[in-house]
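Here chain A shows up in two complexes: once beside chain B, once beside chain C.
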Partner chain A sequence: MIAEAGLAALWLAAGLALYQFVLMILSLRGSIEVSRTMRAIAVVQGALTLIAFAALIVVFARTDLSVALVAENSHSAKPFLYKVAGAWGNHEGSMLMWVTILSVAGAFLALFSRRTSERTLIAGLGAQAALALGFYAFLLVASNPFARLNPAPLEGAGLNPLLQDPGLAFHPPTLYVGYVGLSIAFSLAVGALLTGEVDSRLARAMRPWVLGAWIFLTLGITAGSYWAYYELGWGGYWFWDPVENASLMPWLAATALLHSVGVLAARGALKAWTMMLAVIAFSMSMVGTFLVRSGILTSVHAFAIDPERGAFLLVLLAIYVGAAFALFAWRGASLKEGAPFELISRETGLVINNLLLSVVLGIVFLGTLYPLFVEALSGEKLSVGAPYFNAVAGPLALILAVLVGIGPLLAWRRERRPVLKRLRIPALIGGTALAITIIIAPEMTILPRLGLTVAAYLAAASILPLTGRNPLRAPLATWGMVVSHFGIAVALAGMGANAAFTSERLAIVKPGDTLSVGPWLVQLQQVTPMAGKNWTAMEAELLASRGHGPVTLKPQTRYFSDPPTDTNEAAIETFWNGQLYSVIGKPDQSGGWQVRLWWKPFVTLIWAGGALIAIGGALALLGRVWRRRRRRPDWRRERYA
Partner chain B sequence: MSRAIRFAPLLVLALIVGALIWRLVTPSDSSVHSTLEGKPVPAFDLGPALDTKPALRSRDLATGKPHLVNVFASWCVPCIAEVKVLQQLKARGVSVEGIAIRDRPEDLVEFLGRNGDPYERIGSDPQSSVQISLGSSGVPESFVVDGAGVIRYQHIGPVETTDVPMILAKLEQAR
Partner chain C sequence: MKPKNQRLVLVSAALVAVLAAVLLAMWGLRDRASYFYTPADIAGGKAVHGRAVRLGGMVERGSVRHLADGVTIRFVVTDGKASTPVVYRGITPDLFREGSGAVAEGRLQGGTFIADTILAKHDERYMPPELGNLAAEHKAGKTLQK
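So, the complex of A and B:
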C-alpha cells in the first residue's frame, strides 16, 4: 500500500512536470499570465516527490520484503540506521533521491526567488521541469523503485558491508544535494538564454544556489575522501578513481562558476562564459551520474552495471546538454559584454582563476575518459592513474593557490596600488617554510616541498583582506572568502605533510612482537574473536607508545554473512600532530598476523581544510542572504567579496 | 563571439557522446590474453615425471602438428575433473602433453591410475620454473601449440566439457 502510494505520487509529479514545461512554452510564446500557477505547480511537484521518497524510506525501515528493491538490498538483521540508509544505497533508490532533490530544488526556486525577472524565472522553472521529466521517465520506465515481488522472499539479500557505515547514511545525500543543486544554475542559465536577460540581476539570483550546491559538494567530497581513507584500509585519501573524479569534476566547474558569477553580479562582465560554466557544471553532475550508474568505467566503487540504464541516461544527457549548448550557440551572439576592465584588476584575477580551474577540469575529464577514447580509436587497453593526475594537476593547483593569495587584494576594474607590497610578509613566511623543509628533510620530493611552501604563504596571504580595517566590521561574505581560502592552505599543508612525512610498516607479527613506525613503538598484545549483529571478526589489540601514555588500537578483520564478504576495519588514533593508522590482515600458518601501520603526520589537516572551505562557503551564503534582507545593493561594498 | 566558438561545445559534446555510445555498444572485454600468444614456446628440457613415460622438451612440440600442453598436478583438485575432458580430446586425436608441477612420482601414478591418463609425455617441473617461463600462474592451465612450436592460445583454469569444441577449433587453426 505504501509502495503503491509512493509510485502514484511519482506519476502525479511527472504529470505536473509535463504541465509545468508546457506552460513555460505557452507563456514564452504568448502572453498568458502563468507565474503564480507555475510557482504553485513547482511546489506541489516537489512535495509529491518528497512523499514518494518518504514512502521508500518507510518500506526500507519496515523491511517490507514484498518490495523487490528491499528484498535485493536489505536484511532484517541490519541495524536500523542502515535499513533507512539502505533506501538510497542502491541504484533505484539513489535515482529517486536524485529526482526528489531536483524537484525540491525547483520548488525552493519557485518559493524564494525574488531577484530574477518574472520571465526568466518562468523559463527557468520550465527548464527545471524538463530536466525532472526525463529523470521521472527514467525512474518509472527503467528503474521503478517500488516494484513488488510475489511471492515475497523470507529474507533479504543484504547490503554491501563496505556501505554499512555511518558515512553511507550521509555521504550520498550530501553529494547529491550538491550535484543536483547545480541544476538550478543550469535552469536559470537556460532560462536567461531563452529570454535574453543575462545580466547582473540574474547572477545575483544564481549565486546563492551555486554557493549552496558548492558547499554541499565540498562537504560530500571531503567526507567521501575520509570515508575511503578509513573504510578501504589503504591509508590513502584520494585515489583518482573514476567515481571520485565524477564528484571532483562538478566541484571544479562549480568553483569556477562561483567566481565568475561574482564578476557578472558585480560588473556585468563574463556573460557568455558564466552561462557556459553554469551549463557545464550541471552537465558534469549528469556525466558523473552516468559514469557511476552505467558502470562504463572500471572502478573500485563496484555499482551495479546495466547497459540499458546507461543508454537511457546517456540519451537524457545528450538531450539536455545538447539542447543547452545549442541554445548557447543560437543566443550566444546576442550577449553584450559588460563593463571593460584593465589588465591588473579583480576581473583579470578571476578570469585567470577560471582558466586554471577549467584547465584542471579538462585534465581530470581527459584522464578519466582517456582509456575509453584510446580503446575506441586503437583497440589498445590502458589505464590512467595517480601519476598522471598528480604530475599534471598538481603544479597547476599550486599556481592557482599562489594566485588565490593575490586575487582578493585587487580592486575591481583597475588596480593602481602596489599590491605585491602587501604580500611581503606572506612571501617571507613561505620562504621560511621552504628553508625549514630543506633543513629538516633535504631528500623530500619537489611537489610536497612546494605544497608546504605555498600552504605557509597562502595561510598568511588569505587573511590579508581582513587587515587594514576593523575585521569585525568586514562583511560576512568577506569572512567566508577568507575562511575558504585559508582552508585551501590548511588542506594543502595536510597533503604536503602526508606525502612527505608518512612512514609505513607492513610485517607479520606474533602476539608479544613489537614494530616501530615513525616515532611509535607498537606491540601486538593479542588477537581475539568478536561478533556483531550480522558479522564476526578477529580483533587485534595493539599497544602503541612514543615514550609516554600508551594508547590501544583495535583494528578488525570482519566477515559479513549476508552477503558473504570480508572487510578490514582500520583502527585510527588521532593526535594533534597526526594519525596512527592500523590494519590487521590474514593470519599465516605459524600463528603470525599481517599488521600494517602508518604514521601520518598532520594528515587530518586535509579534511579540516575541506571543512573550513565549506564553512567559509556557508558564511558567505549567510552573509548574502542576510544582506539581501537589509537591501544594500551596492557593488562597491563587494570589494573584498 | 565568433560562430566557431559558439558551436565548439556542441562538437565536443558530439564526440564525447559518440565515444560513450561506442562503449555501451561494445562492452569492455575483461578477459586476460596471454602476451606469449604468437610467440615460440620458451626453450625447456624437463626430466621424466614417471619411469614409464617419456619426458617433455620444448622441441618435442615443434613436430609439424599441433599439441595441447596441459600444466597440472596430482594435488590439484580441479585437475581431477579436467583429466576426463582431456581424455575426450585424446579420443578425438589430440596429442596431449603434460607438465606436472611440484609433484611426486608415487602421487602421480595414483592420480593417473584413478582418473585416467590422456598424456603422451609428462615432464616434471619440481620448481615451477617452466610454468613461470610459460606465464602460467596456477594449475590447471593449457596451451595450444602449433606445429612450429608457437603458442597459439592460453587457457586459464580447467578445460571443461563445454570448452571442447573451442579447443578443437583452436587446434584446427593451429594446424
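So, the complex of A and C:
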C-alpha cells in the first residue's frame, strides 16, 4: 500500500511538473498572471516527491520483500541504519533521491527567491520543471523503484557489504544535494536567457545556490575520498575512478561559476560567460549521473550494465544540454557586456582562474570519456588512470594554486599598487619550504616537491587579504574566501606529504613477529575469529610502538554470507603527524598472515583541507545571507545601486 | 578596453582555453592511456612490452600459487583461447577467486604479466563492462562448440 502511495505521489508530481512547464510557456508568450500559481505548484511538487521518497524509506525500513527493489537490495538481518540507507544504495532509489532533491530545490526557489524579477523566476521555475519532467519520465518508465514482486521472496538478496558503512548513509545524499543544487543555477540561467535579464541582480540571486551546492559537493568529495581511503583498504585517497571524476567535474565547473558569478554580482561583467558556466556546471552533474548510472565505464562503482537506462539518460542529457546551448547561442550574443576592466584587475584575475579551471575540467572530461570515444570508434578497449591525470592536470592545479595567492589582493576594475610586493613573505616561506625538501628528501619527485612548496607559499599568501586592517571587521565573505584558500594550501600539503613521505610494508607474519614501517615497530599479537550481525571475520591484533606508549590496531578480514563476499576492514590510528594504516590479508599454510602497513605522515591534512574549503564556503554563504537579511527591508534599492 | 574589444578578448581567451585543454589532453593520452587486452590479444602480439596495460579474463582453476615470501602470487588468466601467466605482490582483493573474473593492471615482461593492481568483482553483480562482454562471448563460443 505504501509503495503504491509513493508511486501515485510520483505520478502526481510528474503531472504538476508538466503543468508548471506549460504555464511558463503561456506566461512568456502572453501576459497571464501565473507567478503565485507557479510558486504553489513548485512547492506541492516538491512535497509530493518527498512523500514518494519517504514511502521508499518506509518499505526499506520494514524490509517489505514484495517490493522488487527491496528484495534485490535488502535483507532482514541488516542493521537498521543500513536498511534505511539501502533505500538510496541502489540505482532506482538513488534516482528517486536525485529527483526528490531536484523538486525540493525547485520548491525552495519558489519559496525563498526574492531577488530575481518575477519574469525570470517564472522562466526559471519552468526550466526547473522541464528538468524534473525528464527525470520523472526516466523513473516512471525505466526505473520504477516501487515495482512489486509476485510472489514475494522469503528473504532479500542483501546489499553490497562494501556499502554497509556509515559513509553510505551520508556520502551519496551530500553529493546529490551538490549535484542537483546546481540545477537551480542552470534553471535561473536559462530563465534569464529567456527573459534577457542577465544582470547583477540575477547573479546575486544565483550566488547562494551556487555557493550552497558547491559546499555540499566539496563535503561530498572530501567524505567520499576518506570513505574510499579507509573502506577499500588500498591506502589511496583518490583513484581517478570515472565515478570520482564524475563528482570532480561538477565541482570544477561550480568553482569556476562561483568566482564568475561574483564578478557579475559585483561589477555586472562576464554576463555571457557566467551563463555559460551555469549551464556547463549542471550539465557536468548530468554527465556524472549518466556515467555512474549507465555503468558505461569500468568502475568499482558501476553496479550493473543496463543499456536501456544508459540510452534513456543519454537522450535526456542530449536534450537538456542541447536545448540550453541552443538557447545560449540564440540569446547569448544579444547580451550587453557589462562594466569594462583593465588588464591588471580583480576581474582579470578571476577570468584567469576561470580559464585554468576550465582547462582542468576539459582535461578531466576528455580523460574520463576518452575510453568511450575510442571504443566507439575503433572497438579498442583502454583505460585512463592516475598517470594521465596527475601528469596533465597536476601542474595546472599547481599554477592555479600559485595564482590563488595573488588574485584576492587585486582591486576591482584597475589595480595600480605593486601587488607582488605584498607577496614577498609568502614567496620567502615557499622558497624555504623548497630548500627544506631538497635537504631532507633529495630523491623526492618533482610534483610532490612543488606541491609542498606551493602549499607553504599559499598558506601564507591566503591570509594576506585579512592583513592591513582589523581582521575582525572584515566581512564574513572575506573570511570565507580566506579560509577556503587556506584550506587549498592545507590539502595540498597533505597530498604532497602523503606522496613524498609514505612508507609501506607488506609481508607475511606469524603471531609474535615484528615489522617496521616508518618510525613504527608493529608486532602481530594474535588473530582471532569474530562474528557480527551479518558477518564473520578474522581479526588481527597489532601492537604498534615508536618509543612511547604502544597502540593497538585491529584490522579485520570480513566475510558476509548474503551475498557471499569478503572485505578488508582496515584499522587506522590517527596521530597529530600522520596515520598508521593496517590491513590483514589471507593466511598461508604455515600459520602466517599477510599484513600490509602504511605510515602516512600528515595524510589527514588532505581531508582537513577539504573540510576547511567547505567551511570557508559556509562562512561566505552565512555572510551573504546575513547581509541580505539586514538589507531586506530596502532590497529594492539595491537594484539601482 | 572598450566593451566590444573586451568581449573579443574574452571570447578568444575562452577559445584558447578549450584548445589548450584539447591539446594537453591529446598529448597526455597519447602515451598514458592503458589498453585493455585479453590473453588472446597478448598471444597475438598486440600488447607492447613494458607499457602500462590492463589484462582481463578468468582466473584459471588450480593455477594460483603462493611464492615463498607469502605475499607474492602467481596465477594464470585465461579467456578460453589463450592464457597469460601473472605475478602479483600484494593482498588480493575481495572476491579474487579461481574461476572468477579479474582485471590486472600492470605491464608485460618476457611473456609474464607483472600486475601492480588487481581489480576483481566487488560483489556478485559487479562486473567490469569489458569482462561482461567477454563472459558473454565466452558463453556464446561454448554454445557454438556444442
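The rule we apply is simple: the second predicted complex is superposed on the first by the 630 of 641 C-alpha atoms of A that agree within 3 Å, B and C clash if a C-alpha of one lies under 4 Å from a C-alpha of the other, contacts with A are read in each partner's own complex, and residues count from 1 in each chain.
Rule of thumb we're sticking to: a contact is a pair of C-beta atoms (placed from the backbone, for glycine too) under 8 Å apart; a residue touches a chain by one contact, two chains touch by 3 or more.
Here the structure is a predicted model, which is why all the values come from computation and not from measurement.
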Partner chain in contact with A:L372 - chain B first, chain C second, else both or neither: first
Greater chain A contact set [chain C / chain B]: C
Which superposed partner A:A311 touches (first chain B, second chain C, both, neither): first
Touching partner for A:A507 - first (chain B), second (chain C), both, neither: second
Chain B versus chain C as contact partner of A:G332, first or second or both or neither: first
Which of chain B and chain C A:G585 touches, first, second, both or neither: second
Contacts of A:G322 with chain B and chain C, given as first, second, both or neither: first
Overlap of chain C and chain B interfaces on chain A (superposed complexes): 272, 296, 298
Interfacial residue positions of chain C with respect to chain A in the complex: 1-4, 6-7, 10, 13-14, 16-18, 20-22, 24-29, 32-36, 52, 54, 66, 69-71, 89-92, 94-95, 103, 105, 119, 122-130, 132
Chain A - residues contacting chain B, complex: 272, 276, 290, 294, 296, 298, 307, 310-311, 314, 317-318, 321-322, 325-326, 328-329, 332-333, 335, 369, 372-373, 375-376
In the complex, chain B residues that touch chain A: 1, 3, 6-7, 9-10, 13, 16-17, 19-24, 27-28, 30
In the complex with chain C, residue positions of chain A that touch it: 160-162, 233, 270, 272-273, 295-298, 300, 302-305, 336-338, 340-343, 351, 355-356, 358-363, 366-367, 370-371, 374, 380-385, 387-388, 391-392, 396, 506-508, 563-568, 583, 585-586, 588-589, 592, 594, 596
